[in-house]
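Pasting the structures in now, so scroll down.
What follows is chain A paired twice: with chain B in the first complex and chain C in the second.
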Partner chain A sequence: MILELHFKNIIDDPLCKIIIANKELYNGVPPSVFICDINVDGPFLLEICHYGKQPTDTVVENNVIIRDRSFELDKLILDSYNIEELIWDSCFKADDGQVFNSCLFFGPNGKFMLNAESPGLKWILQTRHIKNNNDPNWEEDYTHYVEACKLLQK
Partner chain B sequence: MGRRLYSLCRGLQITTEITKIRQLAWTLAKASATSQLDVPGEYVWAFPKSDTFFSVRERSRSIFSSGNSIKDPDVISYVQSLNLSSHLLNPWVVNEFEEKFPSWVKEGRRFTLSNFELFKYVGFSAGTQESFINFYLFNKDKRFRVFRGDYWWHMDIWAKTNINWAYIEDDDLRPNDICICSYPFALTGDKHKQFDWLVNKCNTIGIKLLVDFIYLPNSNYAVDIDLSAECIDQITFSFSKTFPVQCAKIAVRMCKTKPADPMQMSNDENICNRLSAGLALDIINKFPIDYNVNKYLSQQTYWCNKLGLAQTKVVHFGLGDDYTTYGRNEVNAWCSPFNKQQGRYNLGMLYENQQLLKNIGLSDYADN
Partner chain C sequence: MPNSVQQAKILSWAIATKKNRNFFNSRNNALLLLQGSKAINDPTVAHEIISALHNSYDLLNNYHNLENFVHSFSGWILDHSTNVIIGLDQFEADFSAGTTQSFDSFYLRYPSRRMRCFSGEYFYHIKSWLSLKRDWSFVSSLNPLKENDALVISVPFCDTGNIYSNLSEILQECCKLNIPVLLDCCYYTISSNIHVDLQSPCIDTVAFSLSKAFPIANLRIGVRYTRKDTFDGQKLHHSINYNNSLSAGVGLHLIQKFKSDYISNKYKDKQKLVCNTFNIAPSNSVIFAVGNNAWSCYNRSNLLKCYQLDLDPNQFKNRISLSSIFDNWDIFEKFNDTRTTL
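And then the complex of A and B:
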């Protein structure tokens, strides 16, 4: 599975770890785009850990934060398919125990978590249909598409 | 799974192989996106925006729609070899085409047009749509009538321009009505079962009937008509359903009496499109009217048997259950809400892409 993560608003070299199915894929300052090809099949947990931030990394003047080491997750692409609205099914669990649902902002130290599946397209179609009940033929269509791809690669 | 019954009017039942049809649709759509077709599409909408699932899915739903011609590689190759611009310098080229066209039609042995010679006035038409627009214009105070399932463009234009019209099924024919009927009928590829009734009724009431022979060249013993019927004084023919020259807009209108409309004026002024008329002349000098039927009839039989479709009398059509129950409904029909041809399969893409389909194991059709 090809995983593609797009980050934005990366301020003051924050640090992160990208982990899939308990396997660390990256450790360092988040790049604007992270791409990797990983061998994963079926359900997996994507974790993005924000760590190493100190109180001094947040500069406050007159009770207003004027600078803050942080970053944001902008897009998540699985096997070339942007998961779009499904990215909001994630949560961010801060190290102090607070849980923020649908949070793509990495302010405090903590862990972003999203449960997904490989193949990515199949998971996207299935999840959308479960949520919206508007694509009853998704599985048949997916099978036809995969079959067509295979046939045309002959 | 994937098999539904298609009821034929003769009481036979054929099982539409929905799963096989969808597999072909997806494969051809994907091949469109990745430029793997033997013969690529001729319209922007025939090319998926990308080869992703969502774009391919959208295209897969329209693979068998439209009534357009088979994109025959030999015709394409011939057309590409022509020096069309030379026709611009030939003031007589439109007349030559108009003179040659009736004899080209008469050479056909797979249909019967009795009293065809009564239609003395032959006019080049920029697609049948030009003929239709002129027909609407000159009968603007009448109520237009068609059977359900006829060419959706009529209804769409009438609805958009507030022209008075009604389906023949919905009201009696009345003296101020005027009718259009395709023969073979657009939806079924055969004579409309009420066609004879319509001719008799029009004659009795004294109203006109335009007969659109849109699929005549591709038809196989579907048409047998006596054109001396008083109600029939205009007939039309289309090249876009016969040869892959859709976008050259080539058609012919034939009338018993000389019309006096803008289209005829263009003919009289000698300002018709000479590129298209010249192309049409080149084509009829090279290919007989029943070229497609001769070439593709056995493929039609093969694919209809394989896919559980009823073989129609138009060589590029088969009839069956809709292979997609979504995306082509009334709200979301292709191009127009009046385009309801879900059960009519245009088999052209299967014929054109025979080599690709053989290579990937989806066809075992054997050429003789």
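And then the complex of A and C:
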């Protein structure tokens, strides 16, 4: 599976770890685009840990934050398919125990978590249908698509 | 092993995916590829179209193309190895923007008649009659033809690409009831082994088009035949050469290069092979096959949506378009080689 993570608004060199299925794939300042090809099949947990931030990394003047070490996850692409709205099915669990659902902002130290599956396309189609009940033919179409791709590769 | 319909779907997905591997982009194409009635993109024909259009400015300004095209058309359409037309000489030809202009002219010339067609007919008629608020209905045993009707029927018939089962009896009935008839022969140029008798006096209009034989549908090239005493707006424009001479020039070039049976002869063996593969019935029109109830996914429900018509798609045949398969024959061959392992 090819995973693509796009980050934006990366301020003051924050640190993160990208972990898939308990395997650490990256450790460092988040790049604007992170791409990796990993061997994973079936359900997996994507974790992005924000760590190493100190109280001094947040600058406050007159009760207003004027500078804050942080970053944001912009989009997540699985096997060349942007998961779009499904990215909001994630949560961010701060180290102090607070949990923020649908949060793509990495302000406090903590861990972003998203449960997904490989193959990415199959997971996207299935999840969208479960949520919206509007694509009853997804499985049949997906199967035909996979067969068609195999045929074209022969 | 997947059944025939599933195999056809895999093939259409493969054709749709060939140019663009994205699932979502391919999805609509995969569904629509085996529907509709688009012409085969025959490479030899395509080469000649490019060649004709190379001189497009000259074609545009040469109105003799209109005369020459219409004048040459009768000989071209009659020169067919397996089809026969009788009685074309009883009509006068003029240029038509596809068959559609001929339909519109027919509706205009019979404004007070109830328009009639059989279930399965080309949806354009129904759409037009509804939007014109014309009185119309399908012909059926419960709702037969009556005096003051006007009938449109496609020959070969739109729903199957075959001749409508009792066409000669229908025409006899129209003669008896003094009903003017428009024969829509747009599939004639892709058909084989059909016999069209135009001697019935009820036949008012016969419309032909090049759009189904050659991939030039957007150029709107057709010829209409009407009785010699007809002089309507369409014939007026023809008489003063006020038509699309560029289209006529391309049409003239194509009928000079290819016989009227070129497409049906070239592709009939491929049609048989595809039909055997999927266990569907070949039509007399080479780009079509007809599937049984299992093929309802290829009925015309999408087309009904496109026309914004509220009709039950199950009343129509499952007419499968083979043009895209012919256009992607390499994929079909690969598919055929490997389908036993699917």
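Keep in mind that, in the parts below, the second predicted complex is superposed on the first by the 154 of 154 C-alpha atoms of A that agree within 3 Å, B and C clash if a C-alpha of one lies under 4 Å from a C-alpha of the other, contacts with A are read in each partner's own complex, and residues count from 1 in each chain.
Rule of thumb we're sticking to: contacts are C-beta pairs under 8 Å (C-beta built on N, C-alpha and C of every residue); 3 or more make two chains touch, one makes a residue touch a chain.
Since the structure is predicted, the reported quantities are computational estimates derived from the model, not experimental observations.
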Task: Superposition on chain A - do chain B and chain C clash or fit - done: clash
Open item on the list: Is A:Y81 touching anything from chain B or chain C once the two structures are fitted on A? First, second, both or neither.
Closed with: both
- [ ] Would you check which partner chain A:N39 touches, where first means chain B only, second means chain C only, and both and neither mean what they say?
- [x] neither
Open item on the list: Which partner chains sit in contact with A:N62 here, chain B, chain C, both or neither? Use first/second/both/neither.
Closed with: neither
Open item on the list: Under the stated touch criterion, which partner chain does A:N22 make contact with: chain B (first), chain C (second), both, or neither?
Closed with: neither
TODO: Kindly classify A:L121 by the partners it touches after superposition: chain B alone (first), chain C alone (second), both, or neither?
DONE: both
TODO: Go through the superposed model and pick first if A:N133 touches only chain B, second if only chain C, both, or neither.
DONE: neither
Open item on the list: Just checking: does A:L152 make contact with chain B only, chain C only, both, or neither of them? Give me first, second, both or neither.
Closed with: both
Task: Set intersection of chain A contacts, chain C complex versus chain B complex - done: 80-81, 121, 125, 140-142, 144-145, 147-149, 151-152, 154
- [ ] Going by the contact rule at the top, pick out the chain B residues touching chain A in the complex.
- [x] 22-23, 25-27, 29-31, 34, 36, 52-53, 56-57, 60, 326, 359-362
TODO: Enumerate the contact residues on chain A facing chain B in the complex.
DONE: 80-81, 121, 125, 137, 140-142, 144-145, 147-149, 151-152, 154
- [ ] Give every residue of chain A touching chain C within the complex, in rising order.
- [x] 80-81, 121, 125, 140-142, 144-145, 147-149, 151-152, 154
Open item on the list: Can you tell me which positions in chain C touch chain A when the two form their complex?
Closed with: 2, 6, 9-11, 13-14, 16-18, 21-23, 26-27, 30, 331, 334-335, 338, 342
